[in-house]
């Protein structure tokens, strides 16, 4: 085995050359076994640098290439392509990271140079064991699953459907629209939320390329990029969608009302057979089985009695359905939950009746909401003369959520504005830690509120209490806070307190991430492939994320992400086939003892066991290349391509080339 | 060699979190001990116990395995498998008479350059205090290849 | 019968003797044995930590070591003693270096502390180990109609010891209910009474006392119940001074929860130390004590 | 390079390791000062004090009454969104101030603390009448009169001891202390 290795040491201007003696490394590398040529060059990633590699492959007949420069996450692709242009299989290349991992972490030239040699030696030893590999072609099914029918999911679905691709949109509530449908106005333009959202909802409902599955949940996901099999449970609505005209007579005639804790945030009521709101899409109502008198006590059937359609659309016998279909890609847009402010007892929510959450207030100011847009106290009639809005409830706080929830400053400003608009004489206090308004037109909106004479108090509220200490506090809620700009504790007596709770990951986001086999961060938000350069892809091929399930964000950002995820999917569908990194495991049937240890270890269920031959097999398309099975196989029957045992063992030997080994010396 | 002892640590860094954490530490110009020489693996779950033993046998004074935080593994739970192997390995190394500090498992996410740098610094200092491993002396007991510690009790 | 090492603390020797007496009486009635720690020393209160932290931990550790020797968990009726003991125990367990320093010093008294015990507040023992339901079943003279403001103060609940609710605890109110009395609303029940400032920052401390008393009175409490000698002395004995300082006219009895519980268990009021208070509690008790007198 | 540590570092070093997060993680939100029941009596709010420590304003920090007015109620500690143990920070500054004998004039706190400690070191327990006279001189005449009146009432109800309490193994106890403070501590 005599490979001809070319070694290239990059100066990266002075980035590497300042701390690593590159000439010395290059000279020394030239003396190593198998090395045919060793060079150092100012910028290996420049076209001239790349040409050096190409020419050496052609002229000196190199069979392996090592570049010592920056992180492979920067330029591995660049140099692989250069090798390919020179006529070498791109996988016969290896990179040594002597910048991020070496020259930038120390000023000690001797140590840095020594480490550079070790990393280069490791790459040389490794690369001679490399095998030519071919990328794996995978066909892409042109259908797409979008999970979640909020504004992010709607944007994603419409984008793809308009491009001519079929979309399954699955939503667990009876209607699409998500949180945005509950809002009154959107900041900073104060557009009516429903007015801009409902046309999109209707478009989804009517689009020939969209199969809309509401009151449904994804139960099972099998497969891989290009070819997922999805099982969806379509819960029984007890209303036949084929015949229902959505006339609403059943809702009108239903004799039972219950508090609507979902759409109206507990402020309003709905019937037991209901549509969350008049513009709901689809228009079909749903029966709330838990509260339906017929289901609980066997009597009533008022809805059925009055249903005017023929045949009758109310079907008490309806059962859940399981639908199965194939898709090539999945976009998750499962949204967020609002932080539960009862977790901060000192803010009094649930105990002091005139403390409201942001969502309650949104419903209250909504003209279509339970108070027809009137701002009132919990008694539903008196109007507050003073209101305090508390920012950062459950965010920027290590006791709850450490992150900034991104949207609360802006919606709190919006609330202040809406109160000024409805109650011009009311005093409005905004208590904030820092005012965060980084968006187009956002800072201008803040200034508008300053003009409107909102009282801004810089300080995180300590507590809200009804314990009065002076006559002007009697009968009021007292907000105790340090006004940090004057360095004084203040007590603000107000009639109403609005809490601005954080956006949190959905309560079941971990379960969802396991279902779709992708990652979730500490806070429960889905993890993007790269926080800057790949914000809508995930570490699992074929699964993309959009909207607040990835982190707190506002409407424009959610729309942008929804559309971006769709663009990614559309480009894959347009390619028809994609090439995947061939870093995959495979099992040598001869060596496999059939012990099945690997079967359960695989996080992707990519290993099947053939009972007849008593051997396991890796389904290449399912394998993601983590190598867990390779490390576990007691018979060394599994090979992880590009990370084989011999490659890694040689790398270890190389990286420790300079360490004295007495037992080897004496052997 | 009369110079001061410089420990050599072999680091197995997972491609998605810890390798990127090391990239970030470099990009942020965080200075830390250059004593850790890293090998990229796709997942900490790929680290075969053999690799660790091989590194010690080849003369490493310490081995660091670094992966994503539990629950944040790119491959769902490869890091948990790494953790289990690490526990077993530690037990085995103890029986071979190798100090605990010589094998360390670190969780560092892609954004935690400082965490990784700190861990490397700390480990380097610990091993500097311990001195060279001398696998040959410690484990093989003098050179003829026979294992010295044969009757070690397996403790829970 | 569950047995504990009982650490009364300096205040209970005289200043809060009634707390000491009523604790032993009620504990006995509820089947809890409080075995007083022999030759205990002062825990350093808050003050010692102002001067030398390591020495303060050592003082506490001496008591802990003696309790550990008996094989018993330590129970303290004073919130400050409790907090000091709880955290010293915790830090010694977590920090071998601290443990080594302290044990080196303790050798002089032939003691050694290994961290094998739990530290409890007396009210925790009653509320958790005995339990409100059990107490309710033993109450023979329910304090019907008595409105009690249950005052937690600071250091029972703060800083956070385990995962308890530090902003909205309920165990004290549950005990009050178990006595057959009515817990009043008392929004300031977790506010500090300023006990540690009464000697050093008199005006501030009196103002804190005033606010608390006012809040209890605004909520129509007949009596304030406390679980800490510092709180009791501060809230009760300084009422006169509060009135002088602020021109108020506050007068509300302040008793230990054990005294109130003792009444509900029909223990003679004298054994509970009732009658030594500066703001007499007699008027509110007359109807419960009638039988006793007769 | 033996440079003198900055004031903020000195205070940080005085915090026991498990006492929450370091002061430089403070986001100046004011939760501590909004919560503090004594804030209105302080020269500077606790938040500002932390800011001043981080800015190394040693003289200004030591010269304000804030940390001596802390009642150790730990309400700020449990609420701090940065998990800083603010009450323990106040303890740390108190210790620093006592060791360096540098504090605002006219405060009773430092004298009281030292007297209290001496009592414990002498007898193993604290004792009100011994304590009182030694720091009472720093009281104004009004407070002195208040205290004397109350003490009399208390005495009449048997709530103040006549003889100072002592622990039995006092000699051992003193030796224990001597191992922590080699100079003895008692005076």
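Letters A, B, C and D mark the chains in the order given here, with residues in each chain numbered from 1 onward.
As a convention for this text, contacts are C-beta pairs under 8 Å (C-beta built on N, C-alpha and C of every residue); 3 or more make two chains touch, one makes a residue touch a chain.
Keep in mind it's a predicted model, so treat the numbers as computed, not measured.
Visitor: Which pair, A-B or A-D, has more C-beta contacts?
Guide: A-B
Visitor: Quick check: how many Å separate the C-alpha centres of subunit A and subunit B?
Guide: The answer is 32 Å.
Visitor: Suppose each chain is reduced to the average of its Cα coordinates; what separation in Å results between subunit B and subunit C?
Guide: Roughly 51 Å, centre to centre.
Visitor: Using the average of all C-alpha atoms in each chain as its centre, how far is it in Å between subunit A and subunit D?
Guide: Once rounded, the distance between the two centres reads 49 Å.
Visitor: So what's the Cα centroid distance for subunit C and subunit D, whole Å?
Guide: Computed value for the inter-centroid distance: 22 Å.
Visitor: Pull out every residue in subunit A that's touching 2 or more other chains.
Guide: Residues 346.
Visitor: For subunit B, jot down the residues that touch at least 2 other chains.
Guide: none
Visitor: Among the residues of subunit D, which ones contact at least 2 other chains?
Guide: Within subunit D, no residue touches at least two other chains.
Visitor: Every touching chain pair, please?
Guide: Final set of chain pairs in contact is A-B, A-C, A-D, C-D.
Visitor: Going by the contact rule set out above, which residues of subunit D touch subunit C in the complex?
Guide: 14, 16-18, 37-38, 41, 65, 68-69, 71-75, 77-78, 85, 87, 91, 94-95, 98, 107-110, 112-114, 116-117, 120, 124-128, 135, 139, 143, 146, 150, 153-154, 157-161, 165, 167-169, 172-173, 175-181, 185
Visitor: Which residues of subunit C touch subunit D once you look at their complex with the stated criterion?
Guide: Against subunit D, the touching part of subunit C is residues 10, 13-17, 39-42, 44-55, 58-59, 62, 90-91, 94-95, 101, 104-110, 153-155, 158-160, 166-167, 190-192, 194-197, 199-205, 207-208, 211, 237-238, 240-241, 244, 276-278.
Visitor: Along subunit A, where are the residues that touch subunit B in the complex?
Guide: For subunit A paired with subunit B, touching residues are 71-73, 97, 99-102, 104-108, 111-112, 114-115, 118-119, 122, 510, 514, 517, 519-522, 527, 531, 539, 583, 601, 603-604, 624-628, 630-632, 640, 643, 645, 648-649, 651-653, 655-656, 659-663, 666.
Visitor: Could you pull out which subunit D residues touch subunit A in their complex?
Guide: Touching subunit A from subunit D are residues 21, 27-36, 39-40, 44-45, 47-48, 79, 81-83.
Visitor: In their shared complex, at which residues does subunit B touch subunit A?
Guide: On the subunit B side, the touching residues are 6, 8, 10, 16, 19-20, 22-27, 29-35, 37-43, 45-51, 54-55, 58-60, 69, 71-78, 81, 85, 110-111, 117, 135-136, 140, 143.
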